[in-house]
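Chain naming follows the written order as A, B, C, D, E, F, G and H, and within any one chain the residues start at number 1.
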Amino acid sequence: MAMKVYLSGEIHTDWREQIIQGSADLDVTFSSPVTDHAASDDCGVAILGPETDKYWHDHKGAMVNAIRTRKAIQEADIVVVRFGEKYKQWNAAFDAGYAAALGKSLIILHGAEHQHALKEVDAAALAVAENPKAVADILRYVLTQKLPG
Amino acid sequence: MAMKVYLSGEIHTDWREQIIQGSADLDVTFSSPVTDHAASDDCGVAILGPETDKYWHDHKGAMVNAIRTRKAIQEADIVVVRFGEKYKQWNAAFDAGYAAALGKSLIILHGAEHQHALKEVDAAALAVAENPKAVADILRYVLTQKLPG
Amino acid sequence: MAMKVYLSGEIHTDWREQIIQGSADLDVTFSSPVTDHAASDDCGVAILGPETDKYWHDHKGAMVNAIRTRKAIQEADIVVVRFGEKYKQWNAAFDAGYAAALGKSLIILHGAEHQHALKEVDAAALAVAENPKAVADILRYVLTQKLPG
Amino acid sequence: MAMKVYLSGEIHTDWREQIIQGSADLDVTFSSPVTDHAASDDCGVAILGPETDKYWHDHKGAMVNAIRTRKAIQEADIVVVRFGEKYKQWNAAFDAGYAAALGKSLIILHGAEHQHALKEVDAAALAVAENPKAVADILRYVLTQKLPG
Amino acid sequence: MAMKVYLSGEIHTDWREQIIQGSADLDVTFSSPVTDHAASDDCGVAILGPETDKYWHDHKGAMVNAIRTRKAIQEADIVVVRFGEKYKQWNAAFDAGYAAALGKSLIILHGAEHQHALKEVDAAALAVAENPKAVADILRYVLTQKLPG
Amino acid sequence: MAMKVYLSGEIHTDWREQIIQGSADLDVTFSSPVTDHAASDDCGVAILGPETDKYWHDHKGAMVNAIRTRKAIQEADIVVVRFGEKYKQWNAAFDAGYAAALGKSLIILHGAEHQHALKEVDAAALAVAENPKAVADILRYVLTQKLPG
Amino acid sequence: MAMKVYLSGEIHTDWREQIIQGSADLDVTFSSPVTDHAASDDCGVAILGPETDKYWHDHKGAMVNAIRTRKAIQEADIVVVRFGEKYKQWNAAFDAGYAAALGKSLIILHGAEHQHALKEVDAAALAVAENPKAVADILRYVLTQKLPG
Amino acid sequence: MAMKVYLSGEIHTDWREQIIQGSADLDVTFSSPVTDHAASDDCGVAILGPETDKYWHDHKGAMVNAIRTRKAIQEADIVVVRFGEKYKQWNAAFDAGYAAALGKSLIILHGAEHQHALKEVDAAALAVAENPKAVADILRYVLTQKLPG
């Protein structure tokens, strides 16, 4: 059994690398959104021409990024969504909803401080983890039947 | 032509009433999540028995609320998602993603201050409005061909 | 909002009547399998001709009953599955799996003694109730925002 | 033609090995649930943290196991479900219902003693076999046109 | 519970009337293909203009008839397909395959002489009846739990 | 049998009225895009605020119009697409493709001069008519089995 | 571009070999039903045990064959259905209907004598060919843009 | 991540080659309609026999071409549709609508002169580009996170 895993959400810490390294020997293919923040914000106008209105500047970029994001979610078996400590992160919650409606297996990754605010998102998940190691452990168990420790 | 409209998101202001009153003469059926905050938080344990762990308290409630929410979104032609000024509102963004994946017509309602943070959500919408009147105007135009003013 | 509810499972106690009476004033339409045990067992041969082999006797009946059951599940918003104290009740678990794959909102109804054996079935549900009143309370809350008591 | 086959149900006898060995020269890929009973029961708490309430202990494990099970069923061409002599085996019947709703080719494997109790499950199947050899014979015939003997 | 039933196939005997009359007191809505043979053959050229080539004459008619047939099958809960004694009746078998792929409940109606030739079609059905009364009896049982006699 | 018919395309002649009047006694519900040309062009900025760039002016309007158009096509049993003598009419061809992918019954209405240019669109249709009367005749035949004249 | 082609229907002439040989240099994968007539008729009882009633003998075989047939049709890009000169060939017409409902590209292969009887089947096809060479020519053109001659 | 890209529309300039060359080092697989104009027009009659009526001549060709086109669009992740300066190009707009209804990521490529006429088509797209280089830049960014320049 092989798994395709999409890693959505927060891009300011190394949680993706931790999961990828912790799963290095498994038959897993990872994908993610563009994690270069500046490129992600400006891709629309950089490729398709400038906009004077910031709304359309952002809009063109978000549309181009959606080409990558939607394909990755649609192809994924598992969608992991990480909520960090800062920012609104509405795109992360949007991805979770999108994945849930497609019937993907959702794993939500967040600290205890977000528990109440994320209760609807967590309720759509098959696992709620507090750290990247737990996500890697789930992937290992699901693919190899091996539990940690 | 008749429309079913689901009004998702912020529950602390009267934006739902404004849209409903502004559409009172149209062939529109509105639905919404449970907007009684206390009932929404406690419904799981009130009906299915208490939990000592706050996580499962919240979880049971979120699951029961999902019975109402999922049906309403699945039946809707249009899903309006309102982002207010406060709180994380991840459930609103989750609903937007869920509706987008189901191919619903999305209308996002928010103030200018959230423009950048909501760019991925807005990019999935057919309209982004700044006030409830604009949403009611869209419903009127879509159903009757009449523009405001 | 109106709900269609399919009541699957155990046919030897009055749990269906309790739910239906407890929801008498709500906009709910209930359906159920054929609950006349003898008719359900013999419908195939009674209508389509006798079989000498008990397997085909049962098979013809199960196929005819599936005409009713599949339509009812496919049309339902909510599928309630009741596991009683006796018998294998594999058709109840089959209905739960069938409904889960169709994305229906599942409510599982069973006593505490079945908790471990039903853990995979419960994990697919939005609510796990111990008595019919709790199911009726969920329907009331989901449709009217009112909690019991 | 290649086939993907999911082997669901009873984990206490060697029926899976018999089918796999009997099909060793065929273009078939097999998958199965986690068959390590203890790991399967405890995976949730072992990875995601302990629970004081047995229900949530079981629940967390069942959800993690669902990540594996759902992917395997969704990818399968054929789902074989084995009912043994003991236990409730509701997860097996649930898998059968889930697979049926997805339109998978179902093969049910059980002894004659369960014929009446499984009549609704059998009615959704394309074959009902009494022993693992018959399942392997079906795979061989379907892939190579060769009948046994 | 209400049922929509499409009556496909042979148009030279009164089998449709027998079923409809036998179900007159039930909550069933029947539909059928155009049963006026001449109109059915000529509708394409009568409405859209003549063709010199018989193939296109037939083709235009078959396409226009498909507007009615496809809608009726897609809306039906149950598709009854009757095979008579004469003719190739490939459109009947085509309708059966079309309905099967859409997951409709199929009832096949034919005499014993066609048993071997129809084995693949019968294998996709939930009931195989020898006369119209049996079909009406199935509808009655499925809707009212009442068996004949 | 009742039919829902969406009338897409050219808005400068009275072809819609001819079809509607010719079907006045039939069980047909018609829908159409906004046929007020000025309102259709300006609806986006009239409701959601002005744009300095003509592209975004048009874009906002097209998105708002899509709320109406998509619902109407998705609900339709039959989509009639009329190509007139002038203009590019790419939105008409887009609607035809959209409807074809959804499996709707397509009727294309155009003069002989467009035959070659529309060959791919016509190839997706169940009928190609040269005048509105033929469309009304198809609706009458499909619903009542009656041919004209 | 690679194509998967299912060759359904008549098994008494070498039409499959003609198509396969005529496409030997193309990127096409062919599949077919079991073409060993005796094995196809007896597979059910040979593997799953004898039946005294010919109907169930046939039924068990047809169900086992459906495991192969359904997978092959579901995976195919193109379904070719050949109608020969003899027999009822209802399984061929059933396959055509099944494939049409799944949106497969249908090619029907038959002699001129069957034109009228197959008009509904032909109307669902993208090509109607009179001989195997034409089918191979279509595959070549679709994959390489090369026309014969 | 690998992408499948279908290049639809205008066949008289080298825009396809520009995109393909500009993406030569990326993990992209391109497909396109038959771009040999004469072959595309005559394929139906060349393979399946002549027609005296030009309409059916065109129709047979359009149907055969649809075998290639539909598969390519259905398999694509991204559908690029190019509108050139001349001709009606209704097949291009049809492809765009078809792809939109299937949820494909659409990129529309056209000059500024077509902006108003294409507003409904553009509104269904994730990107609207003015030249082939911009399309290649999007593919590069989506696959590698690299922006041009």
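As a convention for this text, a residue touches a chain if its C-beta (ideal position, glycine included) is under 8 Å from a C-beta of that chain, and two chains touch if they have at least 3 such contacts.
Small disclaimer: the values here were computed from a predicted structure and weren't measured.
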Quiz prompt | Most distant chain from subunit B, judged by the mean position of its C-alpha atoms | solution = G
Exercise. From the options D-G, C-D or A-B, choose the one that repeats interface A-D, i.e. more than half of its residue-numbered contact pairs are shared.
Key: D-G
Quiz item: Roughly how far is subunit C from subunit F, going centre to centre by Cα mean, in whole Å?
Solution: 44
Self-check item: Whole-Å separation of chain centres (CA-atom averages), subunit A against subunit E
Solution: 50
Quiz prompt | Between subunit E and subunit C, distance of the C-alpha-averaged centres to the nearest whole Å | solution = 31
Self-check item: Chain centre separation (subunit D, subunit E; CA means) in Å
Solution: 37
Practice problem: Could you tell me which residues belong to subunit E and also touch two or more other chains? | Solution: 63, 66
Quiz item: What part of subunit A is in contact with subunit H in the complex they form?
Solution: 31, 34-36, 39, 42-44, 46-49, 60, 63-64, 66-68, 70-72
Quiz item: Which of the residues in subunit G end up touching subunit E in this complex?
Solution: 54-55, 58-59, 61-63, 65-66, 69, 83, 87-102, 114-124
Exercise. State the interface residues of subunit F toward subunit E in the complex, per the touch definition above.
Key: 1, 3, 77-78, 105, 107, 125-130, 134, 137-138, 141-143, 145-149
